[in-house]
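Shared between the two complexes below is chain A, which pairs with chain B and chain C, respectively.
What follows is the complex of A and B.
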């Protein structure tokens, strides 16, 4: 190895220090919000003067919080399913297809990743206003699908590219129809890519706020929108509790992702 | 006349302006081991892929037992194939890989289990059922692929350079396995390779591919002793070509002059190409003397290489053309021979060939 950590001498303590500072920089806000959610002060004072679970019981007692969480979950779940299905067929087309402008098309599919979200949100808002989809479940799903699909296409087509098509050909010669070969051989072989697509699609929708603010109506709000709206009205630690739960779910999903990925690879 | 088991009739394959296969005609007997031998891009793999049904020919037909195969999709052709790359299904165990074609055919479970066992025994991998492909060596994976391809008793087994990813020693080991399995199952095998030694070792007959056509079909000894074209002569065995002058030709024999010496009664092959006449000599069929003799080619030693039981003497004729001689180790003519020495090389007319 070019850089041997053991041979760095005093430099390795400097490196260690930098690493710790970076980790703190990344983690402090999260630790901060989690600590506040257990703090007894109503004014989000740090460090908290005492500890309480009051904000969590407030949160769980408020049907508006629960309903927005449920809305978020439903949207994310539908987006996940659609994103994986569309990502799958799109990836097959992009990876296996032999047509003009294939690369251009692939780049086009990834543009939502680099486009400023607020631009996309305004565009979708204006468009949905015309066709009456604002504030509807369908509108939410479609707009989040636009954001989630690039991740799905990227991870599935990467997996598909690394999969040797001869294996699918072998399945066909074994007597499986081309569709059967894809379902019984190709899909299991690229399952890690499909799984990443699902997780990232879910997370993209689950914690998305910008587009969601444009899409939401008083009766249809996702959890991040509810957090944002509550913050603007009154600065209650219930927001911190909600955020902590959001973070917790994300962490659980990521851990699950890492575990399953490890399982799929071995 | 009986219908041939497998017949390839005038297959041609074009990819846009590129002609991958020009015109391939071939008849294969049941139970035969036939190898397609040729360099990459000679059309041998394309022909195999057309047989497998992954590609349709631009023209021509393939008939199995007198009936065309082209109308049948790959999955219904019942053909077995072992690929160049490892194509075991990565998420399935060895046993499930072999069972796959049988499950697709919806055979009853006890029949599948019995067949998987039989196949594992055939490729000598008993006890490996539960391994995943990633836990096996390349050679073992190809043996499982072979078992999978034979599990449904295909009439024809296609093999597309299945050993090219393996090292030499393992390759020879599996070549023996393939021969044994061929003898045991009596399946008809079409085997693609660019390795002449592999082709000679395995096949009943060899079809030498060059530029999209079959130059010659025959047994190894036939191709070696009687190459129809310069290409076949170069591809089967080692050979050198000396430009020569045609003095006389009749009844497939020629009299030629090379470097002042005249050789008569040499087998002649009219290739129809205007490359000029050339005399083909094989290094192992040449004799070497240190004294000038009649009817011999004068040459200068340019290098001597010890190859175990053989010694390879590279020489250069008076006109500067390279000409190699291979002699058994300890041959009296080469004791004390060194670079720059003059030698005289002779051969029997019947062992040489003139291509005109």
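What follows is the complex of A and C.
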């Protein structure tokens, strides 16, 4: 039986072998980078001749790394707040409204997800050059919001679709104002959607590099742009240290995400 | 879903709901639709009105090579991801859930890890003195290091790594939806394993494979970071060409024309994918 694991026979071992190799292939670069960031070889020799924290102290000693990380964080934080708020308001309209072209509108809201990022980057670059937003914080926030908003609308409207509106109506019947009912009844019920919207929006902005390359100026750089610019010059182990910190952040966010989902289920 | 109570002025409430989509609509119109259309218009307006940018783009062998590279790399990445992805998705769908959870965690970790970090790892792994070359030489498979980076081989390896989860996850969903009883029925009717695989399991997963493959192909066509870092300067892909037109050559007409080609191909393939996914969910249980 091809869909019964226990009755696959020898095929079971073939499939398990392929899966194991693929899992190793996916894991290899991540572990490799983390190991190299502690290796003492300037030329990234593996296995490293010795172990050191030099690359981390180099990273923390260079104010440009820290300031680009701070810039990235500020942009991602503002984008997250705006994306969740706008996503929330829009989702209520998309899910609850019964107007013409609702599906078309929904498709339009999701297009930035499928459009090649480089096209958006070049288009916004041209536009911002004209209106003087290039190399500014506002320019970064606007362009990352275009990319983050679809994820936010998607997660919040999915949560809202599964929420039974009659509960909100019941609150109104019991004397709550419509706004009060939305805030005190509906919002807590769809909080997992809001939470995923926030995480996706944050990561979209924090990890984004293509648009950021076009938006950045010598004085305003995000962390991915700093990594990009460094990589174009040489393969210094400092980038391995920076990458490892980024991987650590991913693991923390993933764990947080899993915890919240578990907490919601129980 | 019908409301529990009929609130008064339902029609006005629903019209008001439409109004709440206006801020986002306005935002996307101003910072998404207008800039993209303006860019595309420049391809027929600059340096003078006409189609000369398209004639140059589609007529010169330099640019045709970029198109060829882009389609070849995307096609190879799609085929390799599908070949590896199908058995992995199949295993995930039927293996004990405790083991599957570990593989899923690895898939998600790899997907969520910063793209530049992953690409950097491959730059180091694939370089002349890198681990992959060392291992191959240690096993006696090659005498001198292979050129695995700064060419399309490097781009293909790096992109396959990135795209694998995007094909495994949807395929897993497709295989999970197949009723095992169908395969039991095939066995009862006398089908051997090979027949059950080629005549029952594979045909049932074709819609999922087609949807996943198209998505990976479309994403690969427009990829910028990985080709720029793992590829060489002589083997450009389409997204890099667009960036180069705008950044180094400041030729907005040609940049707009190349962007339009990428956009049209992307949207056309995406429409095909939507149809496949739509048909699948209508035909499914």
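Simple rule for what comes next: the second predicted complex is superposed on the first by the 263 of 266 C-alpha atoms of A that agree within 3 Å, B and C clash if a C-alpha of one lies under 4 Å from a C-alpha of the other, contacts with A are read in each partner's own complex, and residues count from 1 in each chain.
Convention: contacts are C-beta pairs under 8 Å (C-beta built on N, C-alpha and C of every residue); 3 or more make two chains touch, one makes a residue touch a chain.
From a predicted model like this one, the values you see are computed outputs, not experimental measurements.
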Per the overlay, which chain contacts more chain A residues, chain B or chain C? C
Given the touch rule stated above, what does A:32 touch, chain B (first), chain C (second), both, or neither? second
Applying the document's definition of touch, where does A:189 land relative to chain B and chain C: first, second, both, or neither? first
Of the two partner chains, chain B (first) and chain C (second), which one does A:164 touch, if any: first, second, both, or neither? both
Quick one: is A:142 in contact with chain B, with chain C, with both, or with neither? Answer first, second, both or neither. second
Touched partner set for A:120, first chain B, second chain C, both or neither: second
Regarding the shared-chain residue A:176, is it in contact with chain B (first), chain C (second), both, or neither? first
For A:79 in the superposed arrangement: first (chain B), second (chain C), both or neither? neither
With both complexes superposed on chain A, which partner does A:238 reach: first (chain B), second (chain C), both or neither? neither
Pick out the shared contact residues on chain A: the ones touching chain B in one complex and chain C in the other. 164, 166, 169-170, 172-173
In the complex of these two chains, what residues of chain C are touching chain A? 1, 3-5, 7, 14-15, 17-25, 27-28, 31-32, 34-36, 38-39, 42, 84, 87-88, 90-96, 102-103, 105-110, 112-125, 127, 129-131, 134, 161, 164-165, 175, 178, 180, 183-184, 187, 193, 196-197, 200-201, 218, 221-222, 224-225, 229, 239, 242-243, 246-247, 252, 255, 259, 262-263, 266-267, 270
Touch list for chain B against partner chain A, complex: 52-54, 74-81, 83-91, 100-101, 104-105, 145, 148-149, 152
Residues on chain A engaged by chain B in the complex (per definition of touch): 164, 166-167, 169-178, 180-181, 184-185, 188-189, 191
For chain A, which residues are in contact with chain C within the complex? 1-5, 8, 11, 14-16, 18-19, 22-23, 25-30, 32-33, 36, 43-46, 86-87, 89-90, 92-94, 96-99, 105, 108-109, 111-112, 114-127, 142-143, 145-146, 149, 153, 164-166, 169-170, 172-173, 203, 207, 209-210, 214, 224, 227-228, 231-232, 235, 239-240, 242-244, 246-247, 250-251, 253-254
